[in-house]
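Below you'll find the structures, each written out as structure tokens.
Two complexes are shown next, each including chain A; its partner changes from chain B in the first to chain C in the second.
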Partner chain A sequence: MSTLHARSPLGYLLALPASLWMLAALVVPTLFIVWVSFWATRTFSLSSPLALVNYAKFFGRSTYVKLLVDTVQQSLLLMAITLVLGYCIAYFIVVKVRRPALQLGLFLVLVIPFWTSALIRTIAWIPFLGVTGVINQALLFLGVIDKPVSAFLYSRTGITLAQVSFYTLLATGPVAYTLRNVPPSLREAAQCLKATPLRVFWRITFPLTLPGVVIGQILVFLNVMADFATASAIGGNKYAFLGNLVILLYDSGQLPCASVIAVLLMLSMLGGVAVLLKMVDIRRLGVA
Partner chain B sequence: MIAWRRRQRLATVGLGAVTVLFLAYQWFPMLTMALLSFTGPDGGPTFPMRGVSLHWYRELARVQTVDDFKPPMVRSLLLALTCSVTTAALALMAAQAIRARFRGSNLFFYLVLLGIMAPGLLVGFGVAVVTRILGIPLAWYTTTFAVHIVWTLPFGFLTLLAAFNRFDVRLEEAALTLGANRWRAFWRVTFPLVLPGVIGAGLFGFTLSYDEFARSLFSSGPDQTLPLMIFAQFDRQLQPTLYAIGTVTTVVSLAAVALFSLSFRIVRQRTRTTATEPPR
Partner chain C sequence: MTGPEPDATTSPMPAHDLELKRVTKRFGDFVAVHDLSLVVEPGQLVCLLGPSGCGKTTTLRLVAGLEEADAGEIWIAGRRVNATPPWQRDIAMMFQDFALFPHMTVGRQVGFGLEMLRRPKEAIRRRVREVLTTFEIADLAVRKPDTLSGGQRQRVALARALITEPRILLLDEPIGSLDFSLREAVMLELKDVQRRLGISFIWVTHDQNEAFSLGDKVVVMNHARIGQVGRPEEIFERPSTRFVASFVQGHNVLDGAVESVEGAEVRVHTPVGGFVVPARETAPPSPGAPVSFSVRAAQLTERPGVEHRNRVCATCHAVEYLGSVRRYDLRLEDGRSMKYEQFAAGAARIAEGEQVTLGWRPEDAVLHLPADGGA
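Up next, the complex of A and B:
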């Protein structure tokens, strides 16, 4: 007995507002994007015949295809970096730090930036990256370089530096969560049986945290694929990803072309998530 | 055995160094921005700082023309407050609906969670396309609001599902056995017990909406929200005023988090003490 019968019709009624909202503001718009991507006209026209022209145009232009490759590449790069970095941080905070107060403190310092504006955090990177920026001044001071380098602002390096600082948290969180659920006794048992620490990690700890790793990687992948603000703020006009292309085409009124990019972006995101989920059966591992 | 101990310690030091360095790396830009916002009137957007002053904050308050940050700030705050209340209400209903285990509730669960997975830029783009085709005008208080809820609702929903998971159903049953009707039992027993979750949902609604840029980009029409305004200004010229407004909005975000956390704590403490106190 509860305030709601099982299978009560009231359940439908309570689910209705959220369902309608998601349908109207998310599902229907997505279907519209798919529809518009098949419009054969260049610009806005409701009675446009449907065809594959826009897709042909996309794959016919090497610059567009290269942008798709660049976007995927950047996502893979970020996934690799955040995987290692995120795991180290999660392992330190959850396993190595013993004092709960210190654990909480480190966790808060890690998470608080998530609650602030990503855009502001991007802009905050600018004084670091320029020719007269903090990084250059520090390198000059340390004697690593003898004249300022322009490798940071308006470059992939700069974009990557900023993205690592934004997205590592997404990889850390789920790993920390699964790591917390691994009983220390498992590690201790393996150690008693004379397994080396490295072996304990690869045979016991890592497999048990794999679901967290995969979820973190999915979050990083999705966010980097869709990230355009970092590229346009730090990359200037020199570097762009697929998201930037959607904006460019939309602003120049080419709605069908913008929709094609949007559809391809969504498809590659779905494909990536499907591949990542294939790597581990999350439900099976969750039980083990 | 001793070598093993030493290796273990070495691993701790190494991992600790990585963690601390990353935290510094994560915070350094934000702190630098805050520092540079206090540069003197002749100061530029990078080091060296030229004196210390409140010049750029005064500039922020003074400007009345194109670069006026005040109306967008008010819009963003209003939008965030509305999103906060809406998210809390819709998430509470949605999580309570899941408890009914109606046919299709699994599908409903995934439908709501779709909002987290969907890329913000494309959701905004989709809404812009739909409104264009249907001839609906874009505005921050209609279309942007709708798109923000798509983003904030799943977070609130998950928070409330977690709250309902931890909640002792027997308390509800006791109220019903003692003759309360379902409506009364919900508001007198269930709701106070999941109130921390409702507050959590409200926090997600507020901060996620307040800071949102990608989803607002296509959907907001002529009147800009604060992040849009900041980006437009940034695109034209990087000035220390941007650091000042950046510092101000960061403080607003953090104040919101602190405020919500505080009320979360108070509510939880109160339900705990009243639950254990014998009835008078």
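Up next, the complex of A and C:
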């Protein structure tokens, strides 16, 4: 078999089918959304003038802007929680559990919830969070509370609980992968150089797993920013994020406004990813 | 057993650098180190020598505190350290793969130990510069490990380990990962460093030449146990167990059974004939008991005189010319191999396929009993 040279035209040919598909399914629709967001009229017309009126409308409404802030805030909160939780889980499985069979088993247990569809997983949280739900029952049984708490379902807390359960794995996987690539002898060498376990972690382990941390954080950030299903199932109609607003406006036929929000959502995602990538060179993933 | 005060944290004896007292380490059902006792005096270079899986690396890790002993005591500089974590032990360790931190420059890396000891920044900078200069790697200070050659990595690892001025340096196959051409020079350099600093080195290796040319003391290990401890000459000239004789190159080991014991001599019957071996002071074996003996390849002669009462017939299979000696691989009548070293000067070369009679004096052979252990 002959090898393919880096600059061979054949390489571009091989990339062609996927590129065409991406163009048709992603690039063109995205450009279309951007275009629609500048429509000055509500209905489609090629001659319709382009204007910033829709953007002005968005930023003129404090409830919309607050929704944007809420969405970013929710993402940051989820990132913080899943970072700590996901790192702990990854560290436990990779470093503390020495038996490969047990490691694999624990990973499978983590993945089991993902065997079902996202919708079912979300709905499955409702019987947990409700006034007569599992969490309330358990807390009543343990005597922590003496009457059921309604703060779980149809609340920000409930949404956060559910999202943490969905997205922690996204933060765990990349960290586990990078952690596995850190040879145990590095931690041992640091110990022999008078580093206490805490300092071994902050000076050796954490810096070497930073690429995994950042990739996990990007995944969590993007997913929470785009998540509308959790908010609508668990938040009821009391809580919403930008994604829910897109659907709402789309359903009521306000395409340009829906597009504005979609564009803003995309821009904040791109911005967030850019900031995260600034922190670390992910091409070094696994080189450690 | 010594050490009547297990609770005391300081030893009443003048301090050895290291003392292992009947240390045992198991991994599940596998016994990695069994009832091992060893003393290292200040400034000694001790080599732990043995085949892979013999427990030499585990012993090193027990001293470092990276493994916890299941039984026995570990004393460093007169302090019992069984419960002391690695970062509080007065040791440093050089790992087989050097374990350099990939995200740190050489300078940062070498200063790491002092940083962990919370020395002032300026003092660390000065000391790092000094140490880098000593090890002739000052120009590498800003480089990351992945840009270094094997020899450079080795120097960085050594500098990093020695900067905290440990009492003992533990080295796990320190030259095993280097190019063959570098090994000799690095080996001598490490020994030179050890002599200059006057600290003790515990050097794990599976290479006999390394152990014998470096060690003030060599500890031959097999199956989690010590086979023999002694100066290189002692081990080479008087291997104390059958395993040590067979592991150390240049020895021939023959197995047989006791035919008779005549005063200070034991007659041993083997498939290739009967031989006379000096008895040992302790416990003469009874007739019929299985025994082995070893005789060095250099103590055989192809022109046996009257004093060479042990004779054996062998056919030349292969010959290696090593300058001052020729090393022959011969075959005995039962097909076993026998090594013979002949001084090249003034001796005719034995041709391949040629038959010779080799002889040796009884006193050059060493008797091994199964009870010696380490087999």
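As a convention for this text, the second predicted complex is superposed on the first by the 264 of 288 C-alpha atoms of A that agree within 3 Å, B and C clash if a C-alpha of one lies under 4 Å from a C-alpha of the other, contacts with A are read in each partner's own complex, and residues count from 1 in each chain.
Please note the rule applied: a residue touches a chain if its C-beta (ideal position, glycine included) is under 8 Å from a C-beta of that chain, and two chains touch if they have at least 3 such contacts.
This one's a predicted model, so the numbers in the text were calculated from it and none came from an experiment.
Contact with neither chain B nor chain C is seen for A:Leu76 once the two complexes are overlaid on the shared chain. Contacts of A:Ala195 after superposition: chain C is touched, whereas chain B is not reached. After superposition on the shared chain, chain A has more residues touched by B, the comparison being chain B against chain C.
Once chain A of one complex is fitted onto chain A of the other, the partner contacts of A:Gly130 are limited to chain B, with no touch recorded for chain C. Of the two partner chains placed by the overlay, neither chain B nor chain C lies in contact with A:Leu267.
Looking at the shared chain after the overlay, A:Leu277 reaches neither chain B nor chain C.
In the superposition on chain A, A:Leu10 makes contact with chain B only, while chain C stays out of contact range. In the three-chain superposition model, chain A touches both chain B and chain C at residues 196.
On the side of chain A, the complex with chain C involves touching residues 183, 185-186, 188-196, 199, 203-204, 207-208, 287-288. Every residue of chain B that touches chain A in the complex is listed here, in rising order: 4, 7-8, 11-12, 15-16, 18-19, 22-23, 25-30, 32-33, 36, 45-47, 90-91, 93-94, 96-103, 105, 108, 111-112, 114-115, 117-123, 125-130, 132-133, 146-147, 149-150, 153, 157, 169, 172-173, 176-177, 182, 185-186, 190, 207, 210-211, 213-214, 217-218, 227, 230-231, 234, 238, 242-243, 246, 249-250, 253-254, 256-257.
Within the complex, the chain A residues that touch chain B are 1-15, 17-19, 21-30, 32-33, 36, 44, 46, 85, 88-89, 91-93, 96, 106, 109-110, 112-113, 115-121, 123-128, 130, 132-134, 137, 164-165, 168-169, 196-197, 222, 225-226, 228-229, 233, 243, 246-247, 250, 255, 258-259, 262, 265-266, 269, 273. Taken together, the chain C residues at the contact with chain A in this complex read 64-66, 85-88, 91-93, 95-97, 99, 101-103, 112-113, 116-117, 146, 160-161, 164, 170.
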